[in-house]
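Have a look at these structures, which come just after this line.
Two complexes are shown next, each including chain A; its partner changes from chain B in the first to chain C in the second.
Our next item is the complex of A and B:
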């Protein structure tokens, strides 16, 4: 177990290092720079050169990379050119709405997908099965932005239940905070319902057809006991894997939803940082998101033996 | 050009309004009458929330050419002279000014008793320091003023000695973009290159906070003292009847529109597609305002565009009606205009020289000119971007199709805007650029005629531009403008295509709201609840 953990950790570090080089190289391959964006259309070449020098953009790329890496290792994520604040501070602020939406979206998808999938697995071809298939199809086929716009139209503009867009921080009260998050979370969650629902259904169907279920039924375990105690319990590994994976992509993929709902989250931060060439923000934000992604997967890997004691972790077998 | 909008008094406020100054009263004066008894506290909103269309990199009024920065800063900062609704300069922080007969010496007298938001008194030293910084960091002002500096003559007097006469000086000082804002000398003198971080002005609203990419919050400045003339454009009385103003950054146009429909905002820009949803609603007024001018700019250093006959071929190929219809998608939203300034700008408007090429759509002539230029069928690169609501992209697409019709192998090079600026500035790898530009009040402020824009390093053009800047009498302004336009239509470093309008929707509960060239003026605005 320890060796396994260490091996995974080493793989994780390799991913981070390669990723940091790729991100840095991509940024330097990108034309345009923050100085031209700040000074705009009618700046003279001299003004641009002066600002470039002041922002430290005139040094060679490899030196910039080393500076950045050594700063990150000391816990300094850099200083945003446009936001005039340390990137760590900005990220700390921006990650709150994004994580909140991702959590709420995961919650929505779990409470919708799991019961629906269980009902579908119990009676294949029944009403729950058909509706799960329909939701799954819709979730995959309808683009997130379209769904978001429809939700806004119906629940914000017509019915007025939720605000059209924007974000309220948790300090403004839990109810206000939630009101702003519901529509974006539902828009994101529906896609997850389709993924999670289908995985849960097929895993449970798989488990229910195994011989130990037949034994359990023969022993007189109630249908509910069979379904929850054995079916769902044994399907947990694929479900948790999908949940963790989708949580990571919710963090990274909230760009569209954050744009439509005008939420100052990480997705919006990256998009605006790219269009402004705010290098420190792009580098460090991508690094942190990648880090969250791999750490999440690492944690899930470690969780497997707890969920299913039949799984043994050894460095040779899985790393 | 001024699309001044008279405030409508809503039914809720009719009683109050009739007791007040009458139907044409601007809500500004109405606001001082809140003690009249018919108007109870709480009848008006404490805060105006205004959605702006783009995020901003800085709030420094001297540095950023962004219209959004200018719109917000206009509430915080003031200038020596301010544009009224006919774009004429009026007294603001300067109560008067004189100019010598040769137009080279200027003296401005600063209004007494003006306070900055930090409580300090405005002095000539602040004015000189601010304007000298503005002159250094704004390319337009640098061209205008050269090495001349604003000097402190006494506590309330600032002077300026110019190398050549500049009839344009007041117009430049009143230009609302990248404007000549007055800030305390201590801030102006110590400003870093990326912009000031303390936003202290003399305006009717003071800066509270800027939540980057979310909003900018302002609150009424209680010690504000302004001029006491009828409000008009950026000039005149500023009453600040509403306690707070919040500018929200809402970049997505669909989001802005939905938020307006749900009642979160009382102001919104309306696209042609969304118009039917607000048209005919009783509580909403739709206005149509001039917004930008469309211009084709050549890279005068490229092999193709450096040939006059190639530029003539392009000009002959352009059908301005088709071009404008393609970019604005609604015949109601454009008008043809051969001049580089709006036709309402009677001092400067001129159609001199435009007969030869403006909107002739003569494909035979275009092909003939193209053959004359020795064009060999190589790729001609049109530089463009999908950013900013596709104004650049749509222009490039229609231009491409009009050029293909005469046999030019036109291709689109599409970049994001930051990359586009860099390519354009480098003058490498592109031949033609087309898009929407803000239309300035005088020809010498035309952005695309500066030498480092399209590479039009043309001494004759510079001379003609200088002549317009120096013109003081109306006759001189007309003559210099006509000479410039004639030269532009003959040499074609750029081709003017037409003017565009935009729709805006405003709720009738809004009183005292004005706009000038699309910029919101909120300091006399209040919203009935």
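Our next item is the complex of A and C:
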């Protein structure tokens, strides 16, 4: 278990190093001198020199990278050029709605996809199976932001069940908070149901065809016991893998969808940052979201042996 | 002929092809037939419902929606085709290099892992933020987003082929390494890669639309599905049609690409009664396979 954990940790660190180099190197993809591009034509040479120093462009690239990394490790994500505030502070505020939407979307997808997929696996070709296929097709064909527009049209404009746009902070009570997040979360959740539902269905179908299920049935375990106790239990690893593995795209999806609902999250932050070329904000936002994603997947990797004792033996022995 | 007979057994591929061909037809034919300039504003004709003069109505600048839709579909398809083609070549090259030039394996795969750790839309946003929005930089950033998954898939398919007897035999018989790769390894890698490339096509269309939707993609006034949807966002109360047509086109393109991939790969998605096989392109499944030896 310890060796398995250490091997995973090593892999995590490798990924983080490469990912951070990519994020840092992006500034060198700017045509011309980044400081001049960011500040525009009417900046004085002093301002440009100051920004070059601030961005670490006045030293060799690898030194700039090391400086940046050590700053990030100390919790310093740089200073926003246009908001005139530390990026860490701004991002800390803006990330709450974005992460909430992604979590809520995960929750929505779990409560819809798992029962649907179980019913679909039990009666292949039945009503649940057909609806799962329809949802899967919908989720693949219709991106979250398009579905959001449709949901706003129907549930906010036509029916008036939810606010058209806006955001309430969690301090204003959980219900108000949730009311504003339901539509964006459902929009992303449907996309997620398609992924999660397909994986759950195929894993449960796979499990149900194995011989220990026949044994369980033969010794008189109830159909529900077989489905939940053996089918779902053994499908947990792929389900959790998909949930963690798609959390990154949920966060990215939340970034896009937020802008439709005027939610003051990371999406709005990054879109305004792009139009103003506020590079430190873009860099740190991408870094933080990618970090959340890889660390989550690392934690899930550590959970596998708990979910499936067979993994402890094999992966532990290998690593 | 054999390919055609195979197609008949795979209705998903036919439906998918039909969707893409229909979209391509709109993009190719409308500009020649339509009397309207897709970017010409005519304020007195703004926000019209579909009519004989404007089959899909007009937008908030009085521009003909059909003419703009044709340009938008054309843009999406060009960007996605270019991305898929470049990602295919680069992915094959990197994946095969990783398998057959062992010192490069770790390096290439670690770089791919690092790139895959950044969610696609965000990576694309960050690249466009640095390079500025243009069609060329859009394609470049989509290639950067999509290639790692292709390379990893090529690597994992080629790895399993490399150990097969016939590859060993060919090498032992003195066939040049390059010829072994091209003649014996490449063919068996192609099917999973074809599935992945159609997924790349679909995903490139979604990411391009998302970027244009956020105002970081195809620069206005050139129409794209994303910026048409973004324009429609302001008229969600009144101009229902404005979002309907680009939305439907977007869905048709993405669904078409995925149906083709699904059909070529053996149809895990849209076949009900039989046991589904995992899509070879599923990154999650690949992860899981690697974890469970």
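The rule is simple: the second predicted complex is superposed on the first by the 275 of 319 C-alpha atoms of A that agree within 3 Å, B and C clash if a C-alpha of one lies under 4 Å from a C-alpha of the other, contacts with A are read in each partner's own complex, and residues count from 1 in each chain.
We adopt the following convention: a contact is a pair of C-beta atoms (placed from the backbone, for glycine too) under 8 Å apart; a residue touches a chain by one contact, two chains touch by 3 or more.
Remember, predicted model here, so these are calculated numbers, not experimental data.
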Which superposed partner A:235 touches (first chain B, second chain C, both, neither): neither
Touched partner set for A:149, first chain B, second chain C, both or neither: both
Touched partner set for A:277, first chain B, second chain C, both or neither: both
Chain B versus chain C as contact partner of A:31, first or second or both or neither: both
Comparison of chain B and chain C by chain A residues contacted: C
Partner chain in contact with A:83 - chain B first, chain C second, else both or neither: first
First (chain B), second (chain C), both or neither touched by A:44: first
First, second, both or neither for A:264, with chain B first and chain C second: first
First, second, both or neither for A:157, with chain B first and chain C second: both
Contacts of A:201 with chain B and chain C, given as first, second, both or neither: second
Contact residues of chain A, present in both the chain B and the chain C interface: 30-31, 149, 152-153, 157, 164, 259-260, 274-275, 277
Complex interface listing, chain C residues touching chain A: 110-111, 113-115, 117-123, 125-132, 202, 206, 209-210, 213-216, 229, 232-233, 236-237, 240, 243, 247, 250-252, 254-255, 258, 268-270, 272-273, 275-278, 282-285, 287-288, 291-293
Of chain B, residues touching chain A in the complex: 55, 57-58, 63-66, 137, 139-140, 142, 178, 192-195, 197, 211-214, 248-252, 254-255, 258-259, 261-264, 387, 415-423, 425, 447, 450, 452-453
Residues of chain A that touch chain C when the two form their complex: 11, 14-19, 21-23, 26-27, 29-31, 34, 124-125, 129-130, 133, 136-137, 140-143, 145-146, 149-150, 152-153, 157, 164, 195, 198-199, 201-202, 205-206, 209, 237-238, 241-242, 245-246, 248-249, 251-253, 255-256, 259-260, 267, 270-271, 273-275, 277, 279, 282-283, 285-286, 289-290, 293-294, 301, 304, 311, 314-315, 318
Sites on chain A touched by chain B in the complex: 30-33, 36-45, 47-48, 50-51, 54-55, 81-85, 149, 152-153, 156-157, 160, 163-167, 259-262, 264, 268-269, 272, 274-277
